[in-house]
Each structure stands twice: as C-alpha cells, then as structure tokens.
C-alpha cells in the first residue's frame, strides 16, 4: 500500500484543533508511517497538492477562504470538516448575530484602548470578510465531520487512522461524538 | 509619480492569513512596507450583552495555542469585578497550568517548527524540513520535542481534564482539585523535561556559534520592551506587575499595576491590517513601538526565579553586557530559557504540600462594574478589560493580544529587511527567506494574527501603478 | 417583506391611565359585563384596542389587575394575535392586502410604491404618527384584487397612483 | 314565543312579499360596498320613495351575488335581471327603464362589456348556469339584516321541523344520510362528527361555528355570514339540539366587521323571536349563542387552537387525541363545524338527507362554494355541485383567463393546498380527486394563475404565510417553515444548489408528518405540489455546480 | 385496576390503562426521547421527539400525550422515527445560537445529549442566527434566549408548580420568546418568587445561576417531579 497524502488546513478558527491534532503526541509517528503530511501550517509546502485527505479547521469567513475551500475540494479525495468551527461555525460564527459593520466598528473605532484615529481597515490587499460566517458544508461537499471544540486527540487519531487504513470511521459507534 | 508596489503573498494563500505590500518611491527605493494581517473574528462585539462570568469560557477560543493565558487574564478581570482573590492552592494550580501551556507552546515553536531549520539547515529539502522529517533523521530529538509538549499539555489535562480550551478556572479559584495520583504522575515528567530543554539550549547555542553573523545582524533595531515582573523584578508569567524598558535598558515604568494599562498603552487602527498597532502612550505612535514575549520578558526582568534558569539567564545577559538584546533571532534562545524556568518551577509547585489541598475556591458576589486582567501568554503580555452594568451584563470588552503588541515591530522588521534587500526591480536573493524568518522569530500566535509557521510559501510581485506585473519572484 | 410582527418595544408615548377617562370607563364596563372572567380577555382586548387605537402597556396592566391575570399571560395573548398592536398604528392607516389574489395582482408593487413614497415599511408609522402602513393576509375582497384599506374604507382594484393619492388626501398632504 | 306565534309572523312576512310587485336587491357584500353600493342603495331607496313607488317596490340591501368584480350590482326580482357597475349617475336609467318602463337596459346588464349578448335573466348566463346554490341560496336575494326576509324564504322551518318532528338521533341520521363532509377543508363526514359528540355524556356541551376564514384568497364564509346570517344560526341551533348542547359560539374573523355586526344583529333578532334562548319555540330545548371575534391568527382555524382562543388564550393547538368531541371547550364535548357546513344544515333537514346526497359525486355529496380569483375574467363567489370539473369552473363560469393569457395552474386550498396544472384541467372538483393531485379542497379558495406566475415564488409566498402564521409551539412547524421559506427564497434568488433542493424536499415531508396540528401538517403542500407539477421551474433556478 | 395488553416494538406488555405511551415505555425500560416532557407538569406534545407509530393510525402520535389503549401496537424505533428525531434535533440546533463550546451547560446539557443519542455529528440546515437577548437583570439567575429551545418547561413549572406564572411565551412562529411579565426584565418581575424551579426545569443553558461558570452547573429537573409527587402524597 502506498503512502497516503494528508493535508491540514486552517481557515477561520483559533488553531485549537491543530493543537489537538498535535496532542496525538508520539502517535504522529504512526500517522507518518501511513501518510505524508504534504501541506499543513506545521510543515513546509508551496502549493496545495493533490491529496487523499484534507483536514480543514475553521469556518469560511472571507472571500479568500471561499476560494481556498473550493480549491481544496478540487484537490482532495476526502474532505474532513475538522472541529466545531468547520462543522457548525461555533465561536467564529458568533459575529453572525450582528451586522458586520457594527462588529468592525466595535473593534476598530470604539475600543477602549484605541487612540483618536479610529478607522475600519479596508486596504485592497486585505481579504474581504463575508457578512456571515458559514460552515464548510454551506460551500462545498464535506465527506466527514469531526465536531468538538477542539475534538479530542484520541478522536482525531481514531478518524485519521481509520481513513488511512481505508475504513470509514463512525464516531457514534466509537463513542467519540462530542460538541463543545 | 510612478509609485510602485510590491505585493508579497503566499502563492495560493491556501494557508496564509498575512501578506505584505512593499511600496517604492520614485527612485525605486523602499518607502514603506505594509504587513497585512487578515484575521478578524469580532470577539469584542459578540461578547457584549453577555454575562461577564462567561468570558473565561469564551475568550480561550481566541487562540488554541495560548487559551490558558486568555482564561487567566479573563478570570482575573472577573475577580476584580467580584473583589475576590483566589485561594493559595488555586494560585498554585493556575500557575501550573500556565506553565504547562507556556512549555507546550515553546516546545512547539522550537522543536516542531524551528529546529528543522537549525538541524537540517535552511537549504534542506522543504518536504522533509518538518517535524516528521526530523523524526526520520533525528528521531530522538523529535520524540523528545513531542514529549516535552505533551508534558505541558498534560499539566492542563491532569488538573482540569482537558488539554485545550480548559474549563476548570473559575473566579475565586479552581473548579477541581489536583489529586495525589495526578501530582505524582506529573512529577515523574520532570527529569526528562529538564533534559530535553537542555538539549534544545545546546542546539540553539550551537547554531548561534555557527551562524554568528546572521544571528547578530538579523532585525536588530532597538525597540521598547514590556514584560511582567514579580515584586523583586524577577521573571513572572502568571501574576505580577508591568515593567517598560527602553532600548538602552532604562526602566521607564516599573511595578505598574496592569489595571493602569490604559495610561501607558494606546492602540491605533490602520487601514492595511486587521491587527491594530499598540504603542507606549507617553512616547506617542511614532516612537512608542514596543516588543513583548520571551525576549522582552528576559530583557526587562532582573533575574529568573529558579537556579538553572538563572544560570542560563546570566549567560544571556552577559552577551550584551547587561543591556537589552535586540536581535530578533534571540527570541528562540530566550524561549528555551523560559522553558527551563517552567520545568523547574513546575517541580517546585508540585512539591508544595498545599497543591493538592481541597481549598480551591473563594466564593463571592460582584462588587464592581469594571475589571481588568492580564497575564503573560507565551508570546507576550495580554490584557482583558471588561465593563458591565450593575447586573453583570457586559457593556464593553477590550482585548489587547500579545501578538498585537509585536505587530508594529514585525512590520518595522519587515521594512528593515525590505530596505536591505530591495532596490527597484532588483530584488535580491534571500529576500523571501529573510522576510519569513523575521516573522517567524516572533512566533506570532497563529490565531491572533498570522499563520507564519513553517515556511511561508511566497511570491513577490512588483506591479506598476496600473497594476501591471513588472516582476515576479518565487521562492527557490 | 414580513407581516406586522410586533416587536417588544413599548410605546414611546405612554398614557397615564385615569379612571375618569371615558375610554378606560368603556373597558371597565366591558370587564364588568363579562363578569371579570379571564376567558373574556380577548373580547376585552378588542374593546380596549377599539378605544385606544392600540394597547398601551398601562391598559394591559389595568386589564391584568382587574381580571387577576398574570401580566405575562396577558402579554403573551396580545402578542400572539396580529390584530392587536402594542404601539400606535398611526392616525391614518393604509392596510395593503397581501392575500393570494392580491399578491398575484401586484400587492408587492403597491407596497414598494408606498415605501418609496412615504419611506414606510409594513408595520411602521411616520415620525409624526400621521400615517401607518400595514399588511393583511387577506381581507376577503379577493374579487377586487388588489385591495387596500385606507382608514376603514376598502379600495378595490387600485392602481399605485390611486393609493398614493388617497393616502395623501387623508393625511392632508396635498 | 312559541311555534304558532312564529308561524303567524312567517305568514305575515310572506304576505308582505306577495304584495310587492318588484324587489330590488342592492348587493351590500363587502366587495360591492367597497365599490360604493351603499350610496347606490340609499339613493335608490330615496328615489323610490320620492316617486311614491315604495308600496309596490321593495328595495333591500342583500348579501353577495357572486360576480364581485362587476360591482356594485343591483338585482331586479322576480325577473332576476342583474345590472353591473351601478353608480349614482346611471341609477336613474335603471329606475326609468327597468322599473318604470319594464325595459331592460342592454348595455348595463351583467357582463355587458364582455359578452356579445348579455342575458336579461342572469340565471341563464354561463356564470350562473353551471352553479347550484344550496349553501348560498337566498344569499343575494334577501336582506340579511331583516329576519322577516329570512322567514319569507322559509327560514327557521327546518329548526321547527327538527325540534317538533324529529328526535336528536333522527336529525343526526338525516345529516349522515346527506353524506355531507366538513366544508372547512379536511372533509371529515359531518354526521359522524355529530354522532361522536352526541355519544359523549356530559351536562354541558358546546357547538362552535368556525368562521375564522384565514386562507388568503378565500371569502366564502364571509359572504355567507354577511349575506345570510340566520341560516348559520339555524344550522347551529339544530346541531345543538342534535348533540345536546346548550351553548354555541360563532368565532368570526376580526377582519370581517360587517359579518360580525350582522351576525350579532341576527342573534338579537332570533333571540327576540324565541329562536334562541330558553325553551326555543316553546320546546324543551334551550340554546344560547355568542359571537367571538378572532384577532388575526390563521392557526385559529384549527379546532383546538380555536378553542384555546375562545377560552381567551393564545391560539395554540393541542395534540389530538383527545379530540374536541371528547374534550373541547373548557374540557367539554364540543362540536366544531365550518360556516359552510352549517349553512347546508337547514336545507338538509327541510328536504332530507337523501335529497342532498343526490347532488355531487359518490364520495363527495352536495355542493361546494368557491372563491374564484386571480387571473380570470369573472372572479367572485360561486357554488357548484361537487364533481364539476376545473375546466368548467375556469372557462365556463369564470369566462377564461384574463387578457387572453394561458391557463397555467389553479391553486386550491390556500396555504394548505396545492396547484393543479393545465394537464389536469378536467379534474373533478371533489375531495378525493384534488387530494390525489396533491392539492386539497380546503375551504374553497381557487386562485387561477397564468404564465406570468412563477411557481417557485408562489410556493415561497405560501410558505411565508405559513411561517408567519405558525403558532410557534412545535418544532417542525416553527423552525421547519422558516427553514423551508429561507431555502425557497434561496432557490428563487438563484443561489441554491441541488443539495438545498434535496434538503428542502426532505424537510417538507418531515414537517408534513411530524407537525402537531394541521397547519404545520399541510404547510408543505403548496411546495410539494409545485415540486410535483412544476419541478423544472425549480431545477432551472438551481446552480449547476456547487 | 385491570391491566390492558399493548405491544411495544413487538414485545407484549400488560400495563395500566390511563397511562400515556411515554409512561408505559419508561416504566418498561424503553427509551423515548423528549425535550418538552418533564414528569410532574402537563404535557404539551411540542417537541415532537417522542413521536411513535401506532398500528392502524396514519399519523405519528406523541407518546407523551397519547394514552395507551387495549391491544395497541406501538413502534418506537423505526427508521422513519429515527430520521425525524435527527431532523428535529438539527432544527433545535439551527434555530437559536447553541454554541456548546462556550455554554455554561456544556457537558451537562439535555440538548447536547440528545444530539449524541440521535448520532448528530453536524447540522445540515443553515443556522438562523437570530439576535437574542441575554437577560441578566435577576440578581441570581440569567436567562439567555440564545440557548432557549422553547420547550416551555420553565413556563409550565412556574405556573403549575410554583403558581407564580412569571414566565409565558410571546409572539408566534419562529419569533416566539419566553417572557417575564410584560416582556420586562426578569429582575423587575412582580410575579417571580426567585424559587429557581425554572432553572432546574430548563434542559439547556438558557437559565443558569450567575455565580457559576462552565463545568460547575448542576441542574436537577427530577426535583420538580419529586416535589409534585410529594405534594400529591400529602393531598
């Protein structure tokens, strides 16, 4: 069996899921036996290559994320929504209850520690935030989800290991379903 | 005027939340560099209207790497509102958890992300230049690094049952006591952890020796520094007072209560970044940039709290004759000195007989409508500031994040590198690596700002005013 | 485009209730006639709304106390029915039927026209309280679609211009 | 007043009518009033008086005549000549020519502007020819505000018959025999319902008339309540006698002030004549009646919600069982029927059940009133035998599509119903046939649509209605309707994918099967039926690639 | 009392008449999912989780409001029922702002547990993200409408058990909200006795005590049931 190609991606989230991924500790070496991590915030890599499995953390919050997730979808076989933000927007989506303009102004114009120059960033090189944060499944087809904020390392390892061994994991059966 | 712009961005920007624009003047000289941070989630807005006691649960979600620091700053702000102090034991447990987080973050930064560069070299195969590549080539070091991080995470887990986004820290103390069994299990880690940290120190020292020129010329402009110190000026992460120091080592402010942060820190919104630019208020925006984090903490503090760390600290101080060290590259070294201190301190606390006491929480109601808390995240000082109505509903939330405070300096470092390496259309080789290394030195907290972990895939495009591509340079 | 959902805002111009107010007397008489039965709440609310044009909080308070009903029970009933309004509907009202027949025959265009002319969305009242615009789910005049009710008069088979003219006439806006 | 005294009054009323040479009815249904019929009436009355004709010519306001969009309408009896678009200016012509000279005015006759040859006797016009009026009988011919007018056409004779010549069991058996089914929409056999309530033993039972006609696009109940309120009172009282109830409530929409006014007036008149109250017509039977005014909630058309509303509460439905027949208003056995059902009771009793069952189809007996509206030439109120085809209704009665457009679909049953596409124009309008096409009979709203109607928008429109009218108690309806509405909007806006459409369909079936009450249970109907018949309209709006 | 025979999931049981399907199932160890049912207060059949199939009846019936009848044949776990339970749960999550991660009841929440039971790993329908108030005006308790699922257990407990009727429901459709008095702040209520029963009845983190943070919440809905039972015994 040839080694699988694995990518981990981070969109609008807190990186906690990636940290939880690292919490599989030494078991990452077991993963390494079955897969090359070809693209991840924690390894080098230039372009997003063709991969077998992509673990995507975070919600889609901007035009850039939107393009990214479409790109990823095209270049991966199995797309896994990784963590509550990717699955159901979670804390990242909490700004959805408000008008984006208000959210911006609260931080950039009215914050207590701001000096007299209050302006909302709008440089053309900045990515444009979408009005509403959406989970991955609102934009692309998702093949598997791992909820949790963050998912337990054990859960992550279980899912990865099953996929790497060409089995479909079942969180309910494995009693690993968890949100929050 | 033919003002041209250089736009640096990760190729596909698949992972990048940051990019850079370099502006050139008429003569093709670099006039400015804009460091764009693309992360914004609006915590300050959506926390408004909620109960302040929820903040210790919401704010760790700002960042998955330093959640405990956020919880601590948050819970301290809550305690100020309640007019409450945690119990002695609770303070011990909090310290332990905070140490755990600092340790795992530093371990991640050094062993997972930076050591491949140091041990395999910048020119090695990028595909192997990561922790997995390390595991193949230097399995012992890789596993040790992983295990050091694991120890840090386990400190949180054994105290609260969770490694990330812990939930046991409550106003007035802790929700769960430490069991004797867990205390013993944690103590077992100490010897191994000490060895690993020393191993790391040796690696970085060796690299320093072999690359002295690069290390010592690397983004070395002096800035101000901010860090938390104990009552005797000693190094402190969890609970202390602030000290501002200038580039010459003169203490500008000392034993400053964090609740007075507004007198000394202001932030400016800039249109090119979602990260605001904080500065030392008395010096104003132009002169007031300061740095935080391990380098800053070691620059400002008078001594370390533990013997082995103190020994290493003295060597560090010796390098610049007691003055602040400005070289951005020294962030790595100072990080490891802190890790050393963390392991030693953890041992001290775990041996304190009170650590397993059941006296873990003071109860109280709230007395005030304003609370400010601060703590030292791995990447620097952070502040939480809440204002509530008389029922406890949050009216205003202000969060000053560690990486935010390094932001102006990061931008300046980028500008320095750009000035050194760019002249008109002529972009010197190494520009990309330099920019990337600069940013990585600060180890910007992933979620607070960018994801500049690993090698940032980059291109530089020089465009003329009309947006036509003049030149394009890719890494390698 | 939604129906007139009442928000929880209380009327800005609250009324002081006076027992000698003929409108209050009317409500009191109705309650007496119904034997202060809680069952008659809706009937009494109808009377109160007819008297006041809407249901000020003080009136609800008065009714709740007299019928010995919990305030939340009264408020929950009031907000359930679209007929009841917690705020003034305006001195003059224009109610646009959005029943199926009217919808098919252009009720939405009427609403758009009204919005562009008076800057009023359904459920809103002008700042001077002169005019309020509402929608109804069907006023049962489907044969005359599209239909509007201006004050209490049904106008059938209306055009956009005709509605605007009628409204202007009512509010003396000519 | 006992039955003999009543008979005397009835005879007197009949006599009075016989003396009159002509009767002129000015339609004062809500439609014609809004076209200005009240002024016409007043002027006509004044004019007749001025000319000293009031001894032989009776001028009365009447209920709805049917072709509402031709109003104001004036009907001349006994010739049954109807004039359309009558106003104070052209009224003189009618008086002069029709009344004084006895010559019909061709260019003012009903449908004069669209028919080549309008009919002097309106009942020969295709609009009326296919109709059969049982529920609407006398509606439009009598003055709804005068009980004597109702007496003159045989009013309250059925009550008299039931009270004095029939046992409650016999009344129920007659209703069962008629095979009439609930006209509120669900089509539950009325006789069976009566029998169930009858069987529950209780010292107190109630009769409720459901006049909370909330369907957008329906105004049948309104017309009956406004045009012939005594017919309903009579029907309800007979029902009360049959099931053993002593109190009735007529729950009427607050949006129908005229119906409320006339009904309350009718109750007063009936009470005065001993037709309501203690020992009706001298019998052992006592029955009181009250009007309850609806306050604007479609869900109150649902039985249990309506009961809650009469009890002065939020109109939220309760799970059934227990059914109102067992535990209804204030926990007592309660009979709830729709206005139109009650309207048919008196004729059924007066003739007999079999007579009624001869009309209509095998499973759907009698007639049905429809409110015809939309893109159709002659809209208004019609009553046809069950089993009349949609084509007959639209093209013969309704005169085809307005502006020469093409028939696309007819929507029946309002927000609980569905759309019938052109290929099913020959469907027989009865309960089973409509249900088999994914629509329902409903209370009788019939909206005709031409090519300009977007079926996705139509589904969205009805879903918005259901979303706004959901009481919010059960999850499927509260959240499901909102979710379906948002998905429909997304499709309509061209932003949806195939996944969204699949989700929508799944939700629709779920909401239909799991909702607590009929509102939620039928809310997906317009969506499901448009999906069934016009799926291509949905698919054409779906994004090809997601 | 004469027992009657019913079949539940193809097993025969002799049960007391006058009991609901839900009671009978629970007594016999058959799990019925529900959110709006709380033993001791009147059932309203609103959450639609307890729907069961009864042979010979077209419609699905709510187990909490339907009484057993002789020879009734009941099915509680058909594919259809399971599918609908899952959708209902999804709709609960999508309706308001349930952010388990930061919720005070995380780990001890009936809604979260329901999700696990119906094996819900993600919500297929878009979240509605309504803007909801957090009412902190009461000196001890918080009412967070973001986490309310409109089970109205608080309303019923307050009315039926405490007799205060502080709570009720306003508006309709998806705009329904729990209200105190005239939709006035809870802290200003003229009817609330601060008894805390609503807090224990609340299945989610909508009503919670101010003094605690995530991980410390202890809710005890059974307390309400026991209270009612004890009162009945005294009578």
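Per-chain numbering from 1; labels A, B, C, D and E assigned in written order.
Convention: a residue touches a chain if its C-beta (ideal position, glycine included) is under 8 Å from a C-beta of that chain, and two chains touch if they have at least 3 such contacts.
Just so it is clear, the model here is predicted, and its values are computed rather than measured.
Engineer: In terms of touching chains, how many steps apart are chain D and chain E, taking the shortest path?
Structural biologist: 1
Engineer: Going by CA means, which chain is nearest the middle of everything shown?
Structural biologist: If one averages C-alpha positions chain by chain, the most central is E.
Engineer: Using the average of all C-alpha atoms in each chain as its centre, how far is it in Å between chain B and chain D?
Structural biologist: A distance of 74 Å separates the two centres.
Engineer: Can you work out the whole-Å distance between the CA centroids of chain A and chain B?
Structural biologist: Distance between chain centres: 22 Å.
Engineer: Roughly how many whole angstrom separate the Cα centroids of chain B and chain C?
Structural biologist: 59
Engineer: At what distance in angstrom does the C-alpha mean of chain D lie from that of chain C?
Structural biologist: The answer is 26 Å.
Engineer: Residues touching two or more other chains, restricted to chain E: which are they?
Structural biologist: 101-103, 106, 124, 126, 169, 171-172, 175
Engineer: Using the touch rule from the top of the page, what residues of chain D touch 2 or more other chains?
Structural biologist: 297, 314, 468-469, 471
Engineer: Two or more other chains touching the same residue: where does that happen in chain B?
Structural biologist: 58, 61, 165
Engineer: Which residues of chain B touch chain A once you look at their complex with the stated criterion?
Structural biologist: 7, 9, 11-15, 19, 21, 34, 36, 38-42, 44-46, 48, 58, 61-65, 67, 108, 112-113, 126-127, 129-132, 135, 143, 146-147, 149-150, 153, 163-165, 261-262, 265-274, 276, 278, 285, 383, 385, 387, 396, 398, 400, 446-447, 451, 453-455, 457, 475
Engineer: List the residues on chain C that touch chain E in their complex, please.
Structural biologist: Its residues touching chain E are 5-6, 8, 10, 57, 60-61, 70-76, 79-80.
Engineer: Which positions of chain E touch chain D when the two form their complex?
Structural biologist: Those residues of chain E that touch chain D are 44-48, 51, 59-62, 65-67, 80, 83-84, 87-88, 91-92, 94-95, 124-126, 128, 150, 169, 171-176.
Engineer: Write out the stretch or stretches of chain D touching chain C in their complex.
Structural biologist: Interface residues on the chain D side: 30-31, 33-35, 67-69, 71, 213-219, 222, 253-256, 292-298, 309-316, 371-375, 379-381, 411, 414, 445, 447, 449, 453, 461-462, 464-465, 468-469, 471.
Engineer: Show which residues of chain B lie in contact with chain E when the two form their complex.
Structural biologist: For chain B paired with chain E, touching residues are 49-51, 53-54, 56-58, 61, 165, 167-168, 170-171, 175-176, 363, 365, 389, 391-393.
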